[in-house]
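Both of the next two complexes hold chain A, though its partner changes from chain B to chain C.
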Partner chain A sequence: MSNETTNDAVLALDAKPEKKEAMGIFFWFCLAWIGLNVLVAVFANVLPVADPVNIDFNHYSVLSPPNWSHWFGTDGNSRDIFSRVVWGARSSLYVSISANLIGFVIGGSAGMYSAYRRGKIDLLLSSVSLVFIAFPALIAVIAVLSFWQPGSEIKVIIVLGLTSIPIVYRVIRAATLSAANQDYILAAKVQGATDRRILLRELLPNVAPTGLSFLMLGIASIIGVQGTLAFLGIQQGDAPNWGEMINESRSSLDQSPWLAIFPSIALVLLILSLNFVGDRFRARFDVTEVKI
Partner chain B sequence: MSPLLKVTNLRTTFTTARGTLPAVDGVNFELGENEIIGIVGESGSGKTVLSRTIMGLNPRSNINITGSVLIDGNEVVGSSESDLRKLWGSTVSMVFQDPMTSLNPMMRIGKQIDETLRVRLGMKKADAKAAAIELLRKVGIPSPEERYEAYPNQLSGGMRQRVVIAMALACSPRLLLADEPTTGLDVTIQAQILNLLDTVRADGQLSIILVTHDLGVVATRTQRIIVMYAGRVVEIGATADVFHSPRMPYTKALIESTPKISNPSHTVLPTIPGRPPDLYSLADGCAFAPRCSYATDRCRTERPELEASVEDGHSFACWNPLEINQNVSLRTSKGQ
Partner chain C sequence: MTKYLLRRVAAFSTIIVLVSMGSFFLIHLLPGNVAVQIAGIGATPEYTAWLYKHLGLDQPIYVQYYHWLIPVLHGDLGTSPISRVPVVSTIGNALPIDVGLSVMSQILALGVAIPLAMRSARKPNSIFDRVVTSSSFTLLAVPSFVAIVLLDLVFVTWLHLDLLGPGNFNPVVDSPWMSLLQWRNILAMLLGSVTLALGSVVVYYRVMRGVMIGTMQEEFVTVARSKGISRRRILWRHVFRSSTIPLLGVISISIGGLVAGGFVVESLLGLPGLGLQLIIAVTTKDYVLVQGITLVISVIVVACNFFLDFLYAFIDPRIARE
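This part shows the complex of A and B:
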């Protein structure tokens, strides 16, 4: 039958293996760097590094430049900078990931729900989110944390998490809106799918790539904000973090630049990697008909 | 026996900033078991809104629907979504226009089919998979076991439309609405998909509404056709009757503006002058009057209602109907 042969021809054309766009060596380098930071952050307490907080009086060496026993040098209290940079990764990633989780769980689900439901609830949530976005977030964060002293990590997480909700809401809502208007949502609906199934099984997988790439960018930006807060002295605490280290180095920047250089490099490299990986994810998972 | 689908005096209007837009204006028709009917008309004639209203799929806001749509005795107009959900899939289902967008790009096609089977029919995982593969085979997908694992972007447009049809048929609906199911496909695939729809109709107790702007699509495969213009039914009847002796000048003009292979090459294709009317400001008379060469003063002031022609079930809305059996012919696309 002629139909059969046509089908086979179509199939043969289809059978070509899909060519995947290469991610590039820089992408893998960035991903590896993020992985290294995560590993170091998780295992900071078992790694063979010096105590980052307490002063080692047996090998007292104030402000020594980088050498074999202190790779990144020491600070004014004889604490090892390498160890403090390693522990700083833990603080940065812990605060940033936790704050983003708050933002994504609340803002993301609100965004998906209101984009799917539309109507009054969408109008209300969108207007409220716009009001919050219009107000400069950093000023709000600084104001709240200055009032709610002392600024421990957990308070920073809560405040940064809550302030990230409106913008996460906007991004996820926009992504859901474009997915919800597709025919396959309608098709699922006319096969009798419930709202819950459409949200979780049809929409979530299609919104997830956008969410993931935005999460990367969000983690990067909150690491930066946390650094700012620590630099301004608003976040205090025992655990070292990069912003605080840069802040402490201010007075002796001309004599002992290593105090600022190493935490700055760590900060820049991690944020850069996160941004780059997030950007590539976005480009990669942006499943459109263009590629087909 | 009551018909499977009974549409009575259906009116769908949208309220917009410019005023009220009657997209579907007083439509009546019935559809029996195992029947295939075509709805044709230009873009903007209300075909798609009509099919979505029959499904109960229109947006909730700024819309006003009156009249009645009875599917197997269930009223669709005014029903809540949870009531409609009981009809969707198992009694009435739909195939959408663009197979590129009607499959979830992030889900394997097998999953998309057997999820419906599991959720709606409560099948076990293995049974659902077997049933899904059987459906894929039924719609003519070669090596369905392998295709079951494929993502939509690994399939061609024609294959995807077959998958969409398989999904729509998963819960053995009794009525299938196909809204321009072949518009996005090339002609050879079009014919295959249409033949497929006709085969599944002939196989089981399935009625089909085929919405299209392509007369070639409906000419050979439908039993009856409905011609729509400006939201109203202007002619309805058995396909052969409507094609061989159209009574409404609009129908005749539509048929004549279809390319015919019997014409010598470079024949200028007749077109319908003017454009579809602005639905916001419809005049009192026949909506087609401004473009109609037969129009009289009466056409411009008084709206014609559907009236019966000589053949059984053939009706038209025109004050100056064409003579019966004018020599209008159309080469159909059968066997393409």
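This part shows the complex of A and C:
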């Protein structure tokens, strides 16, 4: 993803490992916010919120501003915005976590393997990944999804997951390379450890922190991309989605700005928290450059 | 240097070939019949079958690719089966808008990012630096579709600056580049270029700040200071100049963001650029236009990246030697 590379390159600038210091109150706030979003996403269907999709004809109130019964107001179909924002967390997290899982399982294992093995396979995979990174991914995503209709969540997950593979590959490969040159890997080899054991027991634990921080940034960036797709009407479906809500709000911005404001705040806060936590993780666990 | 250039050109040609295949095969390998989608829901089977043959979709895929590629090499991207307009002329009319948006946004972004970065780098960790750096972190979390809707809400809906709002762009017939020179059109593109600039400002500010703080610790800066050169002069002549090189490397990163943001701002503001044309082509199932636009945008992005690579290696020859 182009977004992913941008964020990554920019955030990398802050990654100067400092001496161990407290994570800071803002870090815990961000972590709590992510936790809250995950909880709400998992339990959206059992939470005592209004129906996000179907219209409640008993309490019909179109475009009512925020009030005590509808905290975030209602939309043009009399649906409760608070409930739709809560359900939107489910859609965003479901799509972005699943897409990243595809990227990390395929790209991550390929990256570790080629960094450990080097040689021809590394050369081949690395050149292929560079070609794919040069291609503007969002164009490919839009072109594919437009002719693979209807653009349901599962298709978005597959396409975004596949497009994230080359970048995950490169990050994990770089992280593995620096770990693979350490003496303990040599020691394990001398002791006769199998490749499988070295990859899983020696390298994986050392690559995992970098992977985890990059996963946070990856989830954040896919949330943004999925929002863009929904905003452009390329991802469709019944499930409420922040991007789609912001898109729908455009027709009545003058009368009902809350339709745009609440999903925007939810989206930005979640992306911000993920970026911040991922960045802090990286600063804390990045032992590759300065500390060694 | 020559060897480096040759290697880059070889890589560039390979990527362009792969991009052309990508633009073509992406759509053709997908499940579902393009003819059925173009014909629409109420079409008779006979019509769909005729359309299928007429569009050449019954031929093997590599034959179709060949029939598409040869005219493409001569600058003919085909004719849209929906609107019957040559793809090249649609793209020719749309491209100036994207160029205009990108240029405006980059001028804005550099104009804001460089002074802020210099101010921050002069006293790292000062209140000014902290405020700007953390705001830039926050800005990084705002996707362009959120930014444009909020800008639209504030400036058009609340402040009633209607000329900035959607639908004010009037292309000049027959000379699309001329439309960029009209005040009305520049105003219509303003919110869009601000949105695109927001994404780039963050990148440029953070890179410039980081690099300049690093440069300030170099020995030649200490020497310059011990000679009694004023802070201001050191900042401009010694630190700023050498810090602009890494900036080139980042501009290529932000091109990807410009493309993505372009779709969003064009579709919201009704600017008839490539992004909006692609969205229209997608909704009307105009696969010939989708292929053409995909190819053109990809080639432009790849070419820009390679051009910046060249420039980078030209200014800093150490890169070519690696």
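Quick note on the criterion: the second predicted complex is superposed on the first by the 267 of 292 C-alpha atoms of A that agree within 3 Å, B and C clash if a C-alpha of one lies under 4 Å from a C-alpha of the other, contacts with A are read in each partner's own complex, and residues count from 1 in each chain.
Here is the rule we go by: contacts are C-beta pairs under 8 Å (C-beta built on N, C-alpha and C of every residue); 3 or more make two chains touch, one makes a residue touch a chain.
The structure displayed is predicted, hence computed values, not measured ones.
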{"item": "Partner chain in contact with A:F262 - chain B first, chain C second, else both or neither", "value": "neither"}
{"item": "Which superposed partner A:R197 touches (first chain B, second chain C, both, neither)", "value": "first"}
{"item": "Touching partner for A:F72 - first (chain B), second (chain C), both, neither", "value": "neither"}
{"item": "Partner chain(s) touched by A:Y169 [first = chain B, second = chain C, both, neither]", "value": "neither"}
{"item": "Which superposed partner A:F281 touches (first chain B, second chain C, both, neither)", "value": "neither"}
{"item": "Larger contact residue set on chain A - chain B or chain C", "value": "C"}
{"item": "First (chain B), second (chain C), both or neither touched by A:G119", "value": "first"}
{"item": "Which of chain B and chain C A:W87 touches, first, second, both or neither", "value": "neither"}
{"item": "Shared chain A surface residues [contacts with chain B and with chain C]", "value": "3, 6-7, 10-11, 13-14"}
{"item": "Contact set on chain A toward chain C in their complex", "value": "2-3, 5-7, 9-11, 13-14, 131, 134-140, 142-144, 146-149, 220, 224-225, 227-228, 231-234, 243, 246-247, 249-250, 253-254, 257, 260-261, 264, 267-269, 271-272, 275-276"}
{"item": "Of all residues in chain B, those that touch chain A in their complex", "value": "55, 57, 60-61, 85-86, 88-90, 92-94, 96-98, 100-107, 115-116, 119-120, 140-143, 153-156, 158-159, 164, 167-168, 170-171, 188, 192, 195"}
{"item": "Residue ranges of chain C touching chain A (in the complex, touch as defined)", "value": "14-15, 18-19, 22-23, 26-27, 30-32, 34, 37, 137-138, 140-146, 149-150, 152-153, 157, 199, 202-203, 206-207, 210, 250, 253-254, 256-257, 259-260, 263-264, 267-268, 278-279, 281-283, 285, 287, 290, 294, 297-298, 301-302, 305"}
{"item": "Residue ranges of chain A in contact with chain B within the complex", "value": "3-4, 6-8, 10-11, 13-14, 18, 119, 182-184, 186-194, 197, 201-202, 205-206, 287, 289, 291-292"}
